[in-house]
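First chain written, first letter: the chains are A, B, C and D, and each begins at residue 1.
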Amino acid sequence: MSSQIRGVVPPLAIPLKNGELDVASLERHINRMIGAGLNGLFVSGSTGEVAFSTSERRQQIQREVVRIVDGRVPLLVGVIDTETERVIENIKAVEEIGGALGVVATAPFYALGGQAEIEKHFRILKENTNLELWAYDIPVCVHTKLQNDLVLRLGKEGILDGVKDSSGDDVGFRWLSRANEAAGHPLQLLTGHEVVVDGAYMSGADGSVPGLANVDPDGYVRQWQAFERGDWEAVRAEQDRLADLMRIVLVKGVQGFGAGVGAFKTALQLLGVFDSNEMPRPVAALEGDNVEHVASVLREAGLLS
Amino acid sequence: MSSQIRGVVPPLAIPLKNGELDVASLERHINRMIGAGLNGLFVSGSTGEVAFSTSERRQQIQREVVRIVDGRVPLLVGVIDTETERVIENIKAVEEIGGALGVVATAPFYALGGQAEIEKHFRILKENTNLELWAYDIPVCVHTKLQNDLVLRLGKEGILDGVKDSSGDDVGFRWLSRANEAAGHPLQLLTGHEVVVDGAYMSGADGSVPGLANVDPDGYVRQWQAFERGDWEAVRAEQDRLADLMRIVLVKGVQGFGAGVGAFKTALQLLGVFDSNEMPRPVAALEGDNVEHVASVLREAGLLS
Amino acid sequence: MSSQIRGVVPPLAIPLKNGELDVASLERHINRMIGAGLNGLFVSGSTGEVAFSTSERRQQIQREVVRIVDGRVPLLVGVIDTETERVIENIKAVEEIGGALGVVATAPFYALGGQAEIEKHFRILKENTNLELWAYDIPVCVHTKLQNDLVLRLGKEGILDGVKDSSGDDVGFRWLSRANEAAGHPLQLLTGHEVVVDGAYMSGADGSVPGLANVDPDGYVRQWQAFERGDWEAVRAEQDRLADLMRIVLVKGVQGFGAGVGAFKTALQLLGVFDSNEMPRPVAALEGDNVEHVASVLREAGLLS
Amino acid sequence: MSSQIRGVVPPLAIPLKNGELDVASLERHINRMIGAGLNGLFVSGSTGEVAFSTSERRQQIQREVVRIVDGRVPLLVGVIDTETERVIENIKAVEEIGGALGVVATAPFYALGGQAEIEKHFRILKENTNLELWAYDIPVCVHTKLQNDLVLRLGKEGILDGVKDSSGDDVGFRWLSRANEAAGHPLQLLTGHEVVVDGAYMSGADGSVPGLANVDPDGYVRQWQAFERGDWEAVRAEQDRLADLMRIVLVKGVQGFGAGVGAFKTALQLLGVFDSNEMPRPVAALEGDNVEHVASVLREAGLLS
């Protein structure tokens, strides 16, 4: 009934060169991640610079990803936009290109509203697509928390197929997971918090969407496999290692997207996967001491010699 | 040096019918407002449902407004979007249609960043247009406050021509106004807070962008004229009346955009200007007791018999 | 019916020396302010370091202020504390010392609650005192906004005598003022926003509680007198001057109370009123360039030669 | 080097009768909890209505708890207050009564400040006590997050002995735990999030401070014992059960302290431990359907027949 997607489903980081999509780097990147054994990819998420990409760029990215992935893993594609009509337009574009198992939408943002508008929003989206519909709970970006009652109701009715939780509300997530179990698991629940995936697995998550898996896909895959065989000590030890690695984002003088995705791209450049750590305008690429910081954490983790 | 735009420049509310732009109502609405003597129009602002409109709809609105206004008052057009490249695309569309004196952009939103990205954002936008560039300070929607130092620096360098302040920070606005005076008034400063325009005029505002002027343009025009001739008691008395009228937005069970713009559209329908109080999806139009509430406030104000 | 208190009622800044109350400086300070013609004093407000003072210190301050003022102006005394029983204890101490016209209490803070608890809180407080009871609306400190409906209802019932508004919500203040007028003015409304007192007077404020009046009481008294005689241009010009003077708080590397009250005390020391700009622990006194900044703004204002 | 306190250390809920401390119920309650095998008690925490208690009440509670516990488990006592001098006064009272291993203080609150004041605050507190000093990280109440760097530095210097984390920031907690390990474990780290204690144990917590352990101490003790023997499946299963039990707080029309502690007290009354579910003023006790809701969750959990 619920989505087949479970396990490690990273949000794809996007290589740029002179403002253009760097297709060669993207190809190396995707092949490296699929080679590590991950279970799916989330294209045009927050990490995948959806907010920075024009419609044309989003479509170009989807087209190239679909071509490169070539059916090896299922794809979720972000259709994130301020309000319903704009999201529907994005859904239509995703469907036209093809190759996606589902689309991922947030609560409306920019304009102020309440849970009634959010509910109607997802209902209208579902009327406009046959793809899986996933809710992306990311209050730090959209400034509204999806209520557990709401997403569960939409799950039971078949409006929503899953939730990507980046809410930072681990208490709410535990309750959602318990209620989802009690209802027969209508929703797939993925956590976006790459530093505490072990806790999310304890809470009943069906998988994770870790931005850091762009840098170290092997770690998250090993952790998922340990979870699958019930080896909690291995789940925890892997998480400790990945929490240490995540310190790449603790750069100086930069915050938010520029720090987080900036560090991922810089690590990928240092690892020889991306040709450049270029960021979408108006964000500056990391440089100087911040690059050295990323390199130093990678070396401590044994990922860079 | 700075923009010619001053006085009352309302953000245009948009009439809909069955999800389509209701051009006949729009024509009545614009002619009524220009007839009242306002000094300009702000198209595709927050009130003008910019977040709900597809690119095509935004362009349709601009085209119709330009045609109807026919040069009688200057136009500012909102190019609001999440990040730089998307805003540039909107600017290009505005330029292609023509008829705008300036474009209005917010700080980037959705992705998290800092003042450095905001500054670079506006600089890049200015490199991409010859129109006036206005900053829209609206933290309640974009969740970042534009810093006074930043907008003033951009004003002095000719990057920004004006600021529409909807920040709710009247202390900051006073300081911005004082610093702007000290610098030779490089920026035009308009307030978006229709309930306390008199205080903003005391603080040095060059005009106002009152959503409520969609309903009662005459009041705001009279207030501006009183201000121009230094009759502060009349400025204040008019504001008291308009503050009372603004109670149309205090509806029950609805919040944010649905309450505010919902009440404006409902009032316009009751006044015979709009054919419908329809709202863009997923927002519901006001109904029942809430419509009666709007009518009752209009009657108390003597606008409805 | 409502309180006699109106006009300029500054929150008294407190001089310290080696951690003790500096009574000699306090005497100079109060006499200077009363000499300027202000209309009352607010003792143990946020500026009056109520949160930093033990019960004993609060009582010592009240005792000395009552002695020095000697009935020349009415006194409001802050009884600010986390929850009801603690506030009642403070009220009892204020009554025992005597000399106060009213007490000033905030919404409960620290523990999380809702408007029901706030309403009950003020009702219980009123049952425990015959002094005037004022509500202090300061969400930046207590993280709850007092709702207009609530304070107005409590005003009409005679529970509350007045409101000191430091909410930063000038739209809400205008509506409160309008509703208060419509109800026969049961509440005295004072604004705490010293940078935009002119706007608050336009909105119907009965006076102000400007922290900056510790530094320049003459300015706020002149402004009030201009307001009383309907000379709005003078009200505005005085405010412009005071807004410029308020830039003393724009110091570097310090924020909040340390910047604001720190600048007031530093200015008072520079003006020869306070012997020291010492701050209550754990806050550091301004020093070095920050003192020079305060001096420079005072010189620009012509207050320091 | 670091504190001996680890394991389950519940924040003691307080029984009231007619506004007075109900000593008989308190005795039953403490004996039941110690009988369950918990590892310590936290007196006068947020759950222990510290914000609602006068100094005298706080002292009465400590005196009775010390008498009843009689050395069977170690005690931490909250000295929570707005600023440094007031907290020192509370510390002196705790020391005078005796029987406490450590005191627990939050960051300063009410007045606005920064990390510099927080650091100085804890340093001054440590100069004023020989008891263990614990930091209570509870931004939802004090509206400042303790920075990891700060608490770790204070831990290494011997200023702080431990941290009670109620920050809701599980990513930050993981990083703090990792850094604390790397520094030789100067701090004991306890989590206050009773719904996800299993995740906190994965993250390296040395124990928990679960308010819900007032209701079901056995569950948290069993969970701790399972953790100590490395049985993660049992840790997780117990947590699932406790997460379900925590739904007692999901009452209607009440929020925050009134809902959470209100539900704990109501459960304790239903279980025959407390004579009353009375709450401190101005908070109302749960009643009607909300009591029935608590009973129904207790029955589902098999705690009530």
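In the analysis below, a contact is a pair of C-beta atoms (placed from the backbone, for glycine too) under 8 Å apart; a residue touches a chain by one contact, two chains touch by 3 or more.
What you see is a predicted model, and the numbers here were worked out from it, not measured in a lab.
On superposing C-alpha atoms, the copy chain A sits rotated by 180° relative to chain D, to the nearest 5. Of all residue numbers that take part in the contact between chain C and chain D, over half occur on both sides, making this a same-residue interface. Each chain gets one centre point, the mean of its Cα atoms, and the points for chain C and chain D are 35 Å apart.
Chain geometry summary: the mean Cα position of chain B and that of chain D are 49 Å apart.
Multi-chain contact residues, meaning those touching two or more other chains, do not occur anywhere in chain C.
Taken as a contact graph, with one node per protein chain and an edge wherever two chains touch, the assembly forms a single closed ring in which every chain touches exactly two others. Of all residues in chain B, those touching chain A in their complex are 46, 49, 51-55, 57, 80, 82-86, 89, 108-114, 116-118, 120-121, 124, 140-143, 254-258, 280-284. Taken together, the chain C residues at the contact with chain B in this complex read 168-171, 174-175, 178, 193, 195-196, 198-200, 202-204, 230, 232-233, 235-236, 239-240, 243-244, 246-247.
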